[in-house]
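First chain A sits with chain B, and in the next complex the same chain sits with chain C.
Presenting the complex of A and B:
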C-alpha cells in the first residue's frame, strides 16, 4: 500500500462484514462531523470520527461568524465555554462602487450579552473544542487519516470507509460524510450533481494582525464586542462579495469569488483582495496591519437548487459536502447550517441504529425540512441567483451610490432634485431599466420577505 | 562487545522531545507563543523512533517511547504506540522546576531517573540529534553521562550488523566515520535515512483508547545539575553590531558603487552541468568542490 493514498475514484466492493467495527463512522471533524458524532455518542453508539488533519480545525478556512443558536440544542451553555474571539454587536453591509461606498450600519448591545447572537472564532480552536465534546461523549477521534473510498457491498449498501492507513478499512452500520465541499465520498456514491464548479465559489482570506486597541478604535468597539462587515462590490467585476471581521487582535478580510467569473476574468484572487484593501473605505481599517495568514477554500454557494441528494444506502451527507451553506446576500451563514445538518444526521442515524435498520435518509430529510436547515434554503432558493446576477453585482452598487451621492450633494443655487428624478437618473446612468428593478425587487421580496 | 540481544531484558527507549516548531516569538519582548495542537516530535525524533522500532523488532527487545512534557504531549505518545511502541511513559514537567524541559542537563537527569525507575536500564536509548525548537543537541550527551553508557551522537545511519549496532556519522569535508557501538549506549540520529512508518488503522484505534501512564519528574536537588540556569535581567530586541568594512576606493561615486557591489569584476560565470552520463556529471561536481576546498 502506498504511504499516503489519495482518494479513490470509485467505491470498493466488499463482502458484508459479520460485525462492524463501529456503529457509525463520521468522516470529517468539522462542525458538521463533530455535531453528528456528538449526537451519536450521546445516544450510546460507538462512533469513529475520522479527520484528515492532525487535529480538528487544522485544515479549515473560514472568515465568518458562528451563529450559535443551534448550539443551544447541542451544548446548552455553549456561550460560556466556546472559544470566542469577539461577540458581534455591530453589523454592516457595505456597497462599493468605484471609490465610493454606502454602508448600512446596525449595532445592538443585546448581541453582546447572553444568549448572544454570533461570534467570530478561530476554527482551529472552535473545531477542536467541539470535537472535544464528541470525544468526551465517547466518540473515537482518528486524526491524520484520510477516508479514501466507500466500502460497499455488491447490492450497493455502504458498510464503511477505506482509509489511507495500512489495514485501513473501517466498517460501520452507517457512514456520515462530512468531508467538505469536494466530498469525494459523496461523489463516489453518485450523489453530487454535475457542474459543481458553476455552483462553487472560491473564498480567499487574509488574517491581519493589529494591536487590540487599534482594532477597538478603528471599529468603534470595546471589550469583547466585534464587527461583521459584508461587502457587495469591490471584486474587480468578478461575481462575489467581500467580508471583514474583527477578532481579538486580528482582522479577517477576504473575498468570495464565483469560479466561472474568476476564470473568465483571468485575475488572481490575491490581486483582487489587494485591490479591495486599497479601497478608501477599507484601507483605513487595515492600514499598517501585518499579514499573518493567507488561505483559500472552496465554498458550496449554489443553495437549495444545487444541493446533492442527501444520502442513501447507509450513507448520509452533512455540512459542506451536502452544500449546506447559505449565501443570500444579507445572510451569509455556513457553520450554523453545518452544525444543524450534522446534528440531525447524527440524530437520524442514531434513531435508525436503535430501530435496527440503517434506513435513515427519510428521517434525516424530515428533520432537516422541519428545521431552519432546509426551510431557510428552500425559502431562499432564488437568492443566490439574484445576489450573483449581473445587475446586483455590477449595476445596483453604482445605482445606490449614485442615488446617495445625488441626495447628499448640495449644489446650490440649484433646487434639490426629487428622489424619483434621482432614481431615474441613477438607473439610466447604470443601465438599469425600471422594469428590471421592479422585477428584482419582487424576487427579493419573495425570497427575503 | 555485548549485543543488544544478549541482555537479559533488552530494552530500547526512544526519548521524544515535544515541541512546537511553529512557535511565535515577539521580537520586542521575546515572549514565546506556542500552540499545543501543532506541537509534536521533530523529524529527527521521528527518525529515532523508526530506528528504535526496527532495532527492537530485529532483536526482540521491548521498545518504549518516553517524553518529558505536559499532558498535551499524550497525542505524540499515542502516535508512538500506534506505530508499534510496546509501552510509553510521560514524565510530567514539574512546575516547581523551571529548568525543565529547557535545560539539557536537568532534562537528561529527570528522564534518566524516570526511565530507570519505571522501565529499567535501557540497552539502547535513542533521541533526535536536536529538538525541533532550536535545541542545543546537548541532551543526548547528558543522558549518556547520567546513564553511564557509551554515546554515538549525530548519526546519519544506524543499523544492526551481525546483531551489533553500527552507526555512520558525517565528518567535516565530506568524510564519514563508521562506528561499532557497544551497548548500553545512547545514540542520537539526524533526520535522515529512514522515515517513520505510517501507523496502521488497528494500531491507531488501539492507541486512541490507551491510557498513557504519567509520572511526576523526580525533583532534582539544587546544585545537582551543575550551574544554575542564567536569569534574564533585561530583554531587548536582537541588534547585531554593525560590521566595519573598508570604504571602497575610487574618485568617481559610480566607481565606488561598482567596487562596493562587486559588479563588472572578472569571475567564473555559473553554468549548468548537463551530460548524458550521471557519473560524468558527478565527477564534474566533485572536481568543482575539490577545486574550492570543500573536499580533500
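Presenting the complex of A and C:
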C-alpha cells in the first residue's frame, strides 16, 4: 500500500519543476481546505483543491454544530446563505452518573437571530457549500482524487503532490495539507510527534429520524431553533463523552471514546451508545426514532500539547491535520478552528507567493497566535488531560450527583445538612480527596476561568 | 447477530450507510500476525465491526463496509498486521448526514 495514501506511504523525490501547475495545492476540501483555497483564490492565485471523496463532505463526520463567528471574516453574509438545519438557542451540559443526571441548561433567544451563534448542519451540505465559495472565487476543485504522496526535491522542498489519477502529479509553489486527523501528508513530512493513538478519540454517531413537531416538543424549541447537549459520563467507563444535537427532522446522538480506553475496555462503540440511549435522561429524547445513518470518524483530542510542527519547506498544515480541534468537555469545536487556521494558512501563503518566496511558516504562526486559534488552545492546554482524567471521568460525575441528591432530597424530620458536610460526604463516597479536588479546581479555573 | 437493549441489529445499522465498494481492498489484514496477537483490540474498536475472530485465533477481514476512520491501524498491536490506505478517489463510504 506504499503507493496509496496511508501510514506506509512515503514522499517522492522529484526534480524541481520548471514551472509549477498551480501557485498552491490544497489537499482536503473540509472546512480548513476550503477556507485556505478561498483565501488564496481571492488574492488572485491559482489553486487546486484536491478532495478524495466524490463531493466535499462525503467523507466527513462531526457532531453537528458549526459556531459561525469566524465565518464573519470569511463570508460576511454567511448566515443568510449557509445550509442550516437549526440555529442553536439552547445549550446544555449533562452530567451522568448511574441513572442520575445533573444538567446545566442555558437558553438565549439572541442566538436565534442575526448574527447568530451556531447552527446544526450536515457536513455533506456544509462542506459542499463552502467549497462552492472557493470555486466561485476561482479555485479548481478536483474531487474523487486522493493525494497519495508529497513531491519533494532532494533538498527537502515540497513542490507538489502525487495523486491517484493517471499522470496525476500536481506541482505547486506551496502545498497546504488540510487532510484531516490521519494527515498522512503531514506524517510524510515528519511533522507529527509519535503516540498519536493516545491523543485520539473515536467519534461514533447515529442520525435518528423524528418528526419535526416531536423534536420541538421534546426539546422545547420552535421554528428553526435548536438544542446542543454535551454529555459527561454515560460512556460505560471508557474515557470520553457524548453529544446530542437537533436537526430539522433528525437528531444526532453520539459518543467520543478515547482509543486506548476503548481498546482496553472490550466494549463495542455501538453497544456503549445503545447504553447511553437507555439513560433515563436521554431515552425520552430519542425514543422510537429510527437510525437513518450510522457513522464514525477520529478526533485529535490532545490540543496544544499534541500539535505537530505547523509546516516548513513549502508546506503548511491546518485544521485537524495540525490537531487544532478543541475537545474539552463542555466544548467540541473543530470546524471553527479548521476554518480559522485554514484561512490564516491561505493568507500567509498568499502573502508569501506575492513577495516571491514561500517562507510563510513564521507569518502563519503569527496569525494563529494573534487569533483565537492558538490563544484558546494555549489557554486550554491542560483541559483535554483534565477532562479525560480518571477523576473527572469516573469520580466527579458521581460526586456532583451525590451533592445534588443531598441538597434536593427532603429527609425530614432530620435537619437539612450543610453544604460543606455534603461535599465531604460526597467526596469520600466517590473516593476523591479534598486536596485533589482543590488541585483540579485550580487547573480547571486556570483553563476555563 | 445480537439485538442488545432492543437496539437495531448491526447489519440493519450498516445497511443504512452508502458505500461505493471498490473492486480492490484498501485494507488488508495479515491473519498470520493476528494469530499471535493477545489483545485483538481491533475486534472491539472497529466501529464497523469488520474484524471477525476465527476459530484458529486469526482474523477474518472484509473491507467493503469500512468508514475509513483509521481506528484499526492506531489500536493494532501487531505492528505490520494491517496494511492500511484510503480507497481510490471517489470510492468507499459516502456520508449524507455526517
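Methods note: the second predicted complex is superposed on the first by the 441 of 449 C-alpha atoms of A that agree within 3 Å, B and C clash if a C-alpha of one lies under 4 Å from a C-alpha of the other, contacts with A are read in each partner's own complex, and residues count from 1 in each chain.
Please note the rule applied: a residue touches a chain if its C-beta (ideal position, glycine included) is under 8 Å from a C-beta of that chain, and two chains touch if they have at least 3 such contacts.
These numbers come from a predicted model, not from an experiment.
Trainee: In the superposed model on chain A, is it clash or fit for chain B and chain C?
Mentor: fit
Trainee: Quick one: is A:298 in contact with chain B, with chain C, with both, or with neither? Answer first, second, both or neither.
Mentor: second
Trainee: Give one of first, second, both or neither to describe whether A:196 is in contact with chain B, with chain C, with both, or with none.
Mentor: second
Trainee: Applying the touch criterion given at the start, work out whether A:183 contacts chain B, chain C, both or neither, answering first, second, both or neither.
Mentor: In the superposition, A:183 contacts neither chain B nor chain C.
Trainee: After the superposition on A, what does A:169 contact: first (chain B), second (chain C), both or neither?
Mentor: First partner only, chain B.
Trainee: Can A:58 be said to touch chain B (first), chain C (second), both, or neither?
Mentor: In the superposed model, A:58 contacts both chain B and chain C.
Trainee: Counting touched residues of chain A, say whether chain B or chain C comes out ahead.
Mentor: C
Trainee: Put chain A at the vertex: what angle do the Cα centres of chain B and chain C make there, to the nearest 10 degrees?
Mentor: 50
Trainee: If we overlay the two complexes on their shared chain A, which of chain B and chain C does A:270 touch? Say first, second, both or neither.
Mentor: second
Trainee: Thinking of the overlay built on chain A, is A:207 touched by chain B (first), by chain C (second), by both, or by neither?
Mentor: second
Trainee: Classify the contacts of A:140 with the two partner chains as first (chain B alone), second (chain C alone), both, or neither.
Mentor: first
Trainee: Taking the superposition on A as described, I'd like to know which of chain B and chain C A:128 touches: first, second, both or neither.
Mentor: first
Trainee: Tell me, in angstrom, the smallest C-alpha to C-alpha distance between chain B and chain C in the overlaid model?
Mentor: 8
Trainee: Which residues would you name on chain A as touching chain B in one complex and chain C in the other?
Mentor: On chain A, the overlap between the chain B and chain C contacts is residues 4, 54, 57-58, 124, 143, 145, 163-165.
Trainee: Give the list of chain C residues in touch with chain A in this complex.
Mentor: Within the complex, chain C touches chain A at residues 4-5, 7-8, 10, 12-14, 16-17, 20, 26, 28, 39, 41, 44-45, 47-49, 67-71, 73-75, 83-86, 88-90, 92-98.
Trainee: Within their complex, state which residues of chain A touch chain C.
Mentor: Its residues touching chain C are 1, 4-9, 52-54, 57-62, 122-124, 143-146, 163-165, 181-182, 196-197, 200, 202, 204-205, 207, 247, 250, 252, 259-260, 262-271, 274-275, 277-278, 291-298.
Trainee: Residues of chain A touching chain B in their complex?
Mentor: Checking each residue of chain A against chain B gives 3-4, 21, 48, 54-55, 57-58, 124, 128, 140-143, 145, 163-170.
Trainee: Where on chain B does chain A make contact in their complex?
Mentor: These residues of chain B touch chain A: 35, 37-38, 40, 75, 198-202, 204-205, 208-209.
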